[in-house]
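Working notes, structure below.
Read from first to last, the chains carry the letters A, B, C, D and E; within each, the first residue is number 1.
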């Protein structure tokens, strides 16, 4: 009864096809965005902004990227880290090669590089499917990281191979490197995230999104009704990698400040995959929920004993963290295999029926 | 108040074995200072741990989480995390003490006022190892025409010495082959050792960490590589690296920045004030190479704080004040004796321009199948070739970041 | 579209041109000869039934027509052009749509989206327009949505517009699948047992839909169905397959009384 | 409806066809406890979708009970509730009980049920794609302990029912035609030597004479081995012809039940399920917008 | 031109120059291939039986080895520690079946896949919790020295591992071939629901299979552990087993061995003769690329079951 769509009539298809057709949803989303845009920067501590919100947002972008590929187009990928690394290294390369170039364009260019790489590694998906494909995407993961550590050109021959992100400005605000104000950095990342999320949502509800989902749900039937597997799969790989590339670049530029290979290793690929699955395959909202959950949950477990004044050794906490984390993942999968996003919508449905059980 | 100190630790994950020993040493020393002396000049040390699992992003998050309350000085014991927090710490005016790891060019204190990497950097260490080999061979001129194998972790850490090996190879006329070991398959080195068996290098030098080390040592032993011609750096020379191979590893050598074993007066105090009161963090590792490294690390930190207190008074020091203490640190032989660490750690003196300390170089230790033994004397680094490159790299960094190096004169 | 008096369009169809001509088609899988020198044609605007016992090769025939299987022998002429080694999506772009015997809907998508996918080849907005949902894409989405809504109305599935099809009961899924095929505005519609799993009333509905499609849009239909009452009444001509061979071909009345067909397929009870 | 035999597909002995009605009656023991008793169950999918709203029904030993109803009425769901497969579809029996010979089925796993002789033929075939036809049949006999020879005999019997399967026995089930898969699904269930069979739309996708054959087999098993059937079927004409008792489901509720014969006489059933009411109904001139009568709106 | 010469010709000249070394490389490759196969075998078992891509297999190797060496360190004899560890693995299988798999019947593959990763996390934390993150030495008397046949060196431990792997594969292959369960497993992998309707008890089937996989993990853990010590990185070997797995085909026991041998030889030869041209460590990705190219021609792997594509 709290959540209702009744009385919310639509008279045109235009209205019905709006991004959030239900008024309550629309207001909710707008409010959330405004809160994060205005209220949060005013109230949140620097730690909150730079170590919690910023990385969660960046990971959300990567999760959206992978969700496009795995959740929408159904191509399981374990190469996310590699595509993120491509974005990070190319962003570094481009921004040092053209110091005057606005960072927004640097990001786009880096994303495009990642997209190209994504297409190259997406080609096998035309023949190889399911877990077989998943394993071959590891080739992208390992090959790309190998490439970036092996070829000094990518890091401008820096001896350590771990260059620091150069300081870059947007509208006069410093948004990358350690000297930038956490608020500026956060807002920069936030705006990019919102834009990319909107774009992803738009793609998902357009022709291309339906093509992806068709390929995902039944590729043979999709081909028979006129969907070309080649274009749909490769666009999925390209766009997904574009997102991951931007996420990787932001990770290096706006979060850890260095361009280093271990930030994009295989564990990162898995981490993003968890986010997508715990959040909900094929859901943009889920990407955010998943990113927040997977990133924050371990931190929460770490700091929680402190709140209760418990003196537990960090080692024990970490071991317990792994156990609880693993357990929670299984728990969530059992409770709702379709992820947090589905839990959310079931919650809404229950609210709609409330106080009646059905 | 208390002197708050953050510890970015890792006791889980792939490098847990190393972390367990090293952080036990660090913590036990703080406990010792608290229990024996009632803190540093009466200011008790309060440390907080944050588990990083050796992961860079977790390290950054730990840094951010701890820096407001505890941000006085960081020793992450991870080159990756060090790199990631160099800029942040500089911005936040918190010193980073990367003792014998991290960014080598940070030894130039003019460009990196907050980063310290004494008693020695990777580059210095590499030159000292070559110097040791030369000594072993009977003179620098004997290096000519020799061939070495360089086995390293394929990671920023492992790659640091490569430019220097290149420079020295040219300078002294030796050649060397590079064998990277990927972080994802540290335990699979068959092809490397097959190649080494074929090329039969005169010496093998290793820059390894974690599971890579024991694997390499075992493989070397099983191809019957002469173990006394196999030399690791000081992150490849602890008990966890050789124990798995046991007697097979007999003869294996490694660089060391400090002494091994428990035969130092400080251990008497440790036993009395820490172990016997059942406060030891991990008693099993006491006396291990990495445990001693932790002790030394903490001792330097404590001495730096003490130095700072001389100037700023006996109260908890801020990051900036500790930085001053680090920069004016002068641990003399006499002071080392007072600390009960004679033989455990060599003297070091840091200056504004030189954050590597005035005395870079290595000891060499050898595994006898059950224990590490120090062999020979301290081997100084070739600072004459290291320092110019340090300055050159630092200048390059300064230019890239738009930093004007401060003046130290 | 009120009451129909003429049974079907069959009689006129006889005079119209041939839309699809299959000549001497043979298809085998390893040892199984699924089709053996089959020839028949389909004329524009007719309802052509393909019947035969289980495993006779009916579905395989449809697969050959839309390029999913490539026959080892024989020629396919579609709208006067010989087609060779056609990919399934080529068939779709040329106006051949179909439904499947084992429902092949996109389970994770809503009814609406499923039907909208049928229109992929009628939409052309660029990637950027789709990303921003502006201009051409928005107009296209709305235009096609309108078209799809007419299909939804036509098939009377308004109520399940937004239900994920995985949750629908079998019969409704069949209906949605028909909708998806219709959305492509096909010239030739291949229906593989569209009425399996339906009760009488639903079959009647389905029949009505097919006739309306055939009449309103002039769509040619190739129909596989095991319910003889339906086949006999709807189709203009029937081809009978029996384990890869063509057993008979002709008007319903001829087939009904064909001895071979009765023996092989219909049984005397019918 | 005496049928001529000599059809190549299924050889059903005449004796089976010529069942006398009074023989049927003798077998029925109405007074005893039912074999399957479903009392007032409610099923919810996905925590929120209520599809069965208080269905009660009984199946007595040796009966053939038909579940009829339109698409989406809840037949499949009811059958799955009995065989305890709902859990795997995120469905839940939230109210009511289902008992098999007085035992609650919710405590049993599906394989326990098979061990008690209850086998289900699922809607939509569900063959093991990668196994050959023959292997599928052998897996069907998984629970049997009476030896290879007995299983072989059963297999021959199944091949006797469905000669087409024998021809295709070496090919992977995934590559057989729809109808062949349907035969396989039924044949596989028979391999378990069940005493109760839950049949979900057995006639779907089968050629007309095979439909009759299938029901003849049902009848014969019922007669000769006293196998009990609960079947969901769209083909109402045939279903009511062979069943003893019928339930009509609509929208998750039982709207009518009774002896098959009396149901077949019911005017509404006649009109909506048998297509016999309202005069000349056929497929080519159905009225476009016909008011549907429903028991429940 | 030079580049082409270096890539296309020089390595072969080198091979020709020293055939005995080449032989050694090949043998070395075969041996490490066997070691991968041991891990891959566990994957195959579980995939074959339930269609679950068990990513926790690597951690199970670690967990088994940790328990085994932990018990040995606690003073138990091998003859006691081994059956005890087997028991622990069976118990683990039971827990996994009870708490995880039985709740996820009939879910999408990817969900089950994720669940196994969750299991992996749990086990890793649990293993470290029980036995700490220290490196443990494992010595069960597997000979660690090498034999020299003229120029060619063969490690005794490799030969030992190969023999053990061979026995394991034969036993498992026979098990799948000649038992009723073998067929039932394949049925389960195809369709959980249908398998239940024919009376296959998923519970006990899964218990059996996971127990056997746990046993295989223990064997792999002992082999690997006595080589490199029992430590966290054992769980990472699983990554190396993946290309082996897809090359051989997910569902084939012999495929795991053949795939292992191909990958082992391929990557060693590539690393030694071509690696230096690219700065080394091409092993890291070579196996994946090799497997990928291979799959292009046979999407189901060497011995995998044909992927059924039908409408």
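One rule holds in what follows: contacts are C-beta pairs under 8 Å (C-beta built on N, C-alpha and C of every residue); 3 or more make two chains touch, one makes a residue touch a chain.
Keep in mind that what you see is a predicted model, and the values were worked out from it rather than measured.
Looking at chain C and chain D, the chains that touch each of them are A, E. Separating the CA-averaged centres of chain C and chain E is a span of 48 Å. A straight line joining the Cα centres of chain B and chain C is 74 Å long. With touch defined as above, residues shared between interfaces to two or more other chains in chain C number as follows: 68, 100-102, 104. Of all residues in chain A, those touching 2 or more other chains are 142, 146, 220-221, 224, 266, 315, 318-319, 322, listed in ascending order.
Listed for chain B are residues 11-12, 20, 154, 182, 184, each touching two or more other chains. Applying the touch definition to all chain combinations yields A-B, A-C, A-D, A-E, B-E, C-D, C-E, D-E.
The part of chain B that touches chain A in the complex is made up of residues 9, 11-12, 20, 49-51, 53, 55-57, 60-61, 64-65, 68, 79-80, 83-84, 86-88, 90-91, 103-105, 154-156, 159-160, 162-163, 182-184, 393, 397, 400-402. By the touch criterion stated above, chain C contacts chain D in their complex at residues 1-5, 7-8, 29-30, 32, 52-56, 58-60, 101-102, 167-172, 193, 196-205, 207-208, 211-212, 226-230, 233-234, 263-270. Taken together, the chain A residues at the contact with chain C in this complex read 12-14, 16-17, 19, 199, 202-203, 205-211, 213-214, 216-218, 220-228, 235, 282. Taken in their complex, chain A has these residues touching chain B: 46-47, 50-51, 55, 96, 142, 146, 149, 159-164, 166-167, 177-179, 251, 255-258, 260-263, 265-267, 299, 302-303, 313-315, 317-319, 322. Contact residues on chain E toward chain D in their complex (touch as defined above): 105-106, 180, 183-184, 186-187, 189-203, 305-306, 308, 310.
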